[in-house]
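Note that the chains are named A, B, C and D in the order they appear, and that numbering of residues resets to 1 at the start of each chain.
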Amino acid sequence: MTETSPQPNFDRYDQRIAEAMLSGMALTGLPDYLGIVVTEVGPGKMTAELDVRKEFLNPFGTAHGGVLAGLADHILGAVLLPLIPSGAWPASNEFKINYLAPVYEGTLRASSEVISLSKRIAVMRIDAFNNSRLVGAAQGTVTISAPRAGQA
Amino acid sequence: MTETSPQPNFDRYDQRIAEAMLSGMALTGLPDYLGIVVTEVGPGKMTAELDVRKEFLNPFGTAHGGVLAGLADHILGAVLLPLIPSGAWPASNEFKINYLAPVYEGTLRASSEVISLSKRIAVMRIDAFNNSRLVGAAQGTVTISAPRAGQA
Amino acid sequence: MTETSPQPNFDRYDQRIAEAMLSGMALTGLPDYLGIVVTEVGPGKMTAELDVRKEFLNPFGTAHGGVLAGLADHILGAVLLPLIPSGAWPASNEFKINYLAPVYEGTLRASSEVISLSKRIAVMRIDAFNNSRLVGAAQGTVTISAPRAGQA
Amino acid sequence: MTETSPQPNFDRYDQRIAEAMLSGMALTGLPDYLGIVVTEVGPGKMTAELDVRKEFLNPFGTAHGGVLAGLADHILGAVLLPLIPSGAWPASNEFKINYLAPVYEGTLRASSEVISLSKRIAVMRIDAFNNSRLVGAAQGTVTISAPRAGQA
């Protein structure tokens, strides 16, 4: 790692899990409502997007902040799935998000990058783009725990 | 204000707006999907809740973090509505959330409190409870701007 | 715990450690430069203050943000000392701070409150006052680990 | 701007201010104590470093978190100086920092990058390295205001 590239090395990267993420694992709950689609997965990186539907808009024609926060929360932990042992689960501890511009109808795409990973804790950064404009930046922490131990 | 009570004084508090919030202004977008209901409004404080429906749950029986983040984002700005001039609009700049415990089926209730308010910027703190257990704590910044200027 | 009081119960509270903190354990590093003095310690709560000396001020007569950030970081972890097993150490994972008003010469006092505590992770909130005005609000996470494992 | 480069374009970049920053403007307060030296300045980017002196260390041989937080807070706003109108001043609103690894004796170097800039508000990301290891990541908001209006 050089000082210009904060991405750490990863001991493990399970290509099959990456492929399962791309082929569209069945979504449940909020990600299903939001229509999140995973478009790229790599070691310590992933990108997902959703269609900003009319029903996400407030009367001013912009999406509620929770749409972006929900997408960010989703990829905050999901980027870890190919990196962690089978049966382990990423549970979000916390994140912080800056809203940089309004989100309009169109595509909302966000990328998550692992900048620090130990056995139990990982830290990620997230960029979000709406119709190619940077609209959000987030940073957060995930605990790597056994299934059922936390919040997915 | 004493050192034990960080709540500032407010120059303005519009009871009619508070009542409109309580009587259930028509929700759109994500808040409508989440089923957010405002239960208390006061000067610089508000509480809202939602029913954690089965469809919000992941396969482990806990709600996606975006449900709590969406609720938090909603009350982060809405608490300002009775405090700001007519026609002004609260646009979320940023917030940070700590997930403290998993969210299960039942009621998810969150309160927002204004701890700092100037003409253009306000800072709020949020507590969230699921079935009376503290499950989340958030803190964030909102810019007070004219309608259509930002993200609601 | 009621919904109006997010303070959890604590299994352990070592009064001798609290008294040692109050009697002025020798400070090193930045806390010594800042002149941090612990003024109150209780179960899951502590208060510390410092004298905003002329040398902390910038040319506009206000203290550098790092003074408040340094004080906040200090009490973020120190509040845990009476609550955790002997030999364990609180290491800051992350925190977020909002600067609410400028800090002038005088007293800068900050209180830390534990809002969530498990064996390994604790979350705290911090309020800071300068000459009785609320000037900062912070929230952060600390990992409870064995000595030498992290950043104090 | 492409989706892989979140750096915005800047209307203004004052090379003389950048050179003054590099030639060592007189530091006051905490930055002087910390011995912060600016090593690179460019449009929307800057790097500064400090020598982690023995006096910054706690008994475990690691630097207090406030050293890194103080450095981060400093470059959070300073990176804006060449970009904003003469007489304007960057005042930190808030920032969030993740501590990724302990900071030992040696060099602590941090870079700040502007990811969003409007007339009144800017958002920056910060990476910090200690002896070439990534030790911190921060993200924060700065209000651009007239002199004396805020916290430097």
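Going forward, a contact is a pair of C-beta atoms (placed from the backbone, for glycine too) under 8 Å apart; a residue touches a chain by one contact, two chains touch by 3 or more.
Just so you know, these numbers come straight off a predicted model, no measurement behind them.
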item: Set of chains adjacent to chain B and to chain C; value: A, D
item: Type of chain A:chain B copy interface by residue overlap (half), same or different; value: same
item: Pair joined by more contacting C-beta pairs (A-D or C-D); value: C-D
item: Whole-Å gap between the CA centroids of chain B and chain D; value: 32
item: Computed distance of Cα centres, chain D from chain C, in Å; value: 23
item: Gap in Å, rounded to a whole number, between the CA centres of chain D and chain A; value: 27
item: Residues of chain C engaged with two or more neighbouring chains; value: 93-94, 96, 98, 101, 123, 141
item: Touch-based graph of the chains, sorted into line, ring, star, complete or other; value: complete
item: Chain C partner contacts - residues on chain D that touch it in the complex; value: 28-34, 55-67, 69-71, 73-74, 76, 89, 91-99, 101-103, 147-148, 150-152
item: Residues of chain C that touch chain B when the two form their complex; value: 1-3, 6, 8, 96, 98, 100-101, 109, 111, 115-116, 123, 125, 127, 129, 132-134, 137, 139, 141
item: Chain A residues touching chain C - in the complex, by the definition given at the top; value: 93-94, 96, 121, 123, 141, 143
